[in-house]
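Comments concern the structure below.
Naming follows writing order (A, B, C and D), and every chain is counted from residue 1.
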């Protein structure tokens, strides 16, 4: 079977990027992507050093998790990625991290309201927290699907975060921005009582960001 | 029309610098500069990766925002930059970031008093917080102009910061120092009750910094 | 006597890694490893710059601390490393740091409960805090042995941390993950009251991590 | 007059090191050293970018501050460095920074007690805080001399820190360790009430660190 080279490279780059951005340490976290046409998923191998990862170390499986290509075992979090891909055909990239500030909210089972215009821009809604789920079967995938709203990110209680996007690159953007806004919100909560933006204001930012922002119009 | 090469390079360098200094992540933030003689503004393109930006990717517009040169769409924050340039002829460079510590004050709609000699040095006055403004028309530019005092920086409630200077480089210095002093003030506020410097002391530092400091005398 | 080249290189790399990961500054901290067959220990030299360390600067001693090879004096913490190696034949690598977040718990004589799945994964149990011990004789080694539980890490009151593993690389992983989870727990404790995972849940994560995780099955 | 090349290089390296260690931003902070035999002081030029500094940009003055060599104006903080060199013949290197965690204590006019063994090691005593002094005449130098104890560092209220050593390199070590211990102490103070080490314990660590530590015995 032909390996999805372009996707493999994108998934590799997303894995390097979460490491360089400080969202993961040692072997924690993972990025994946799906090739819907061929029904293939590419994901980081389990327990390997980020700074030694090569594109060809990525593991390719089908949507049932059967290995199609790659020398290594896939991430043990593969079932959660697969569950999301199977139930959300609009999602093409998934990232899992334990990034510190976002996970500090998750540890308290606490969502992140739309306190900042940057949250309105990227997420468009409160970032929900999925109640604690263990690592058995589809428990985690089911929890994510159930609590996932419109925002391309969820917190996982006492665990970490998952972010989503149409591509691995889009999921990366959500992962980086989630930690960035979580940090600012955390710092503000230590000094006072921030207030969420009204829903009407949230829509203004979200709409601008998803229509006029970027280079898609050219 | 001749492209302002020198300014384009300065604006590009200021954009790289805010990224390297950790003041922005992914696509957030932007730096611009104005060439008053030619009536041209140079600004970062919208939604592009900082680490791939080249000098020639900068967008050149006139003071009404009409593109004069450049392959890309300009930052969606261009109108706020233009508003400042049109109303403050002394300003030649503008920077916008969501840097975490400064924005944590902004999220609480809270100015930063002159707690530190470094604030007196660079800013010479309290750093004000502009009340929340949406992204429509000139709302943000008007708010910035109305609340901007003598300090080359303002906080934007629930949003981020803008800094100013005679050049993009000067605006960069204000952006870096703003985050630096915001961090120290935040840390102190967690431990106790800092007191602002008396106005007389603020003047001593500001005057030394703006007369004998640096290499301008040589 | 033949120098254990492979181990020397591993110990050198672990010393570089704790510096690059920001767990140590200037001359603080140290990593060591033991060659059980030959009865040799390799450790960082005392008070030398991390960024100038070469593999050949590592000091080789026997298990009584007598120098066997190397130009420099060994770390003054060598006796604590030796004590651990002599009393725990399962341990092949030891790391000592003053990493900030973990040491902030140690300064308060406060263990880190299993608040996070990442703590369950790597440590499998609360990370205990050894009561203050001075630097005389075997006081520190004895305290570490007495309080060390199943987790490959201990906090040292008002001092820092020690981590352990079958190899220097494994001790490094524990050192990096300890600081990472300590940071997330610290941030959460500032915002609310996190709750430890139930023992049954801790076992699920620990077992998965120590059986199906990584590449050992291939 | 012959330029003290070796010292100039050491001072340049200390200036680069405080920048790379994140103790200073933009143009803040400065490192100097003295050549007692020739009566010459080497210091950073005023208001110049750290990442563009070359060894030959350092400014050489006599102990009265008269420029002996160098193209640039010296740091405006030169008078404070000179005051220390003139009154403390044991000091050969001085560093000034606004490093965030240490300065957060300074902003509150609050010394840092010997909470940690690392403070006992390097500083051997509480790090005192000099009450607010303005930038006129010898006010700052006098305050530093008056409050300086045995620790090679002082905090300056609402301002920053000065550290000292027999060489610029030793002053650098004190500056890096000061910020490191200030961070750990700050983090602990947010979670609880740390207690200083008893004086007897402080002496044990200080004596070990200043007798058996490092490579001086070889």
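In the analysis below, contacts are C-beta pairs under 8 Å (C-beta built on N, C-alpha and C of every residue); 3 or more make two chains touch, one makes a residue touch a chain.
Worth saying up front: this structure is predicted, and the values here are computed from it rather than measured.
Student: Relative to subunit D, which chain's C-alpha centre is the most remote?
Tutor: Chain A.
Student: Quick check on subunit B against subunit D: do more than half of the interface residue numbers occur in both copies, making it same, or fewer, making it different?
Tutor: Different: when the shared numbers are divided by all numbers used, the fraction is under half.
Student: Based only on mean CA positions, could you tell me how far subunit A sits from subunit D in angstrom?
Tutor: 44
Student: Could you work out how far the Cα centre of subunit C sits from that of subunit D, in whole Å?
Tutor: It comes to 31 Å between the two C-alpha centres.
Student: Using the touch rule from the top of the page, what residues of subunit C touch 2 or more other chains?
Tutor: Within subunit C, the residues that touch at least two other chains are 190.
Student: Following the definition at the start, I'd like every touching pair of chains, please.
Tutor: Every pair of chains meeting the touch criterion: A-B, A-C, B-D, C-D.
Student: Under the stated contact criterion, what part of subunit B meets subunit A in this complex?
Tutor: Result: residues 25-28, 45-48, 71-73, 76, 98, 100-101, 103-105, 107-108, 110, 132, 134-136, 158-160, 186, 189-190 of subunit B touch subunit A.
Student: Please give the residue numbers of subunit B that touch subunit D in the complex, ascending.
Tutor: 21, 115-118, 173, 176-177, 180, 183-185, 187-188, 190-195, 197, 201, 204-205, 208, 212-215, 217-218
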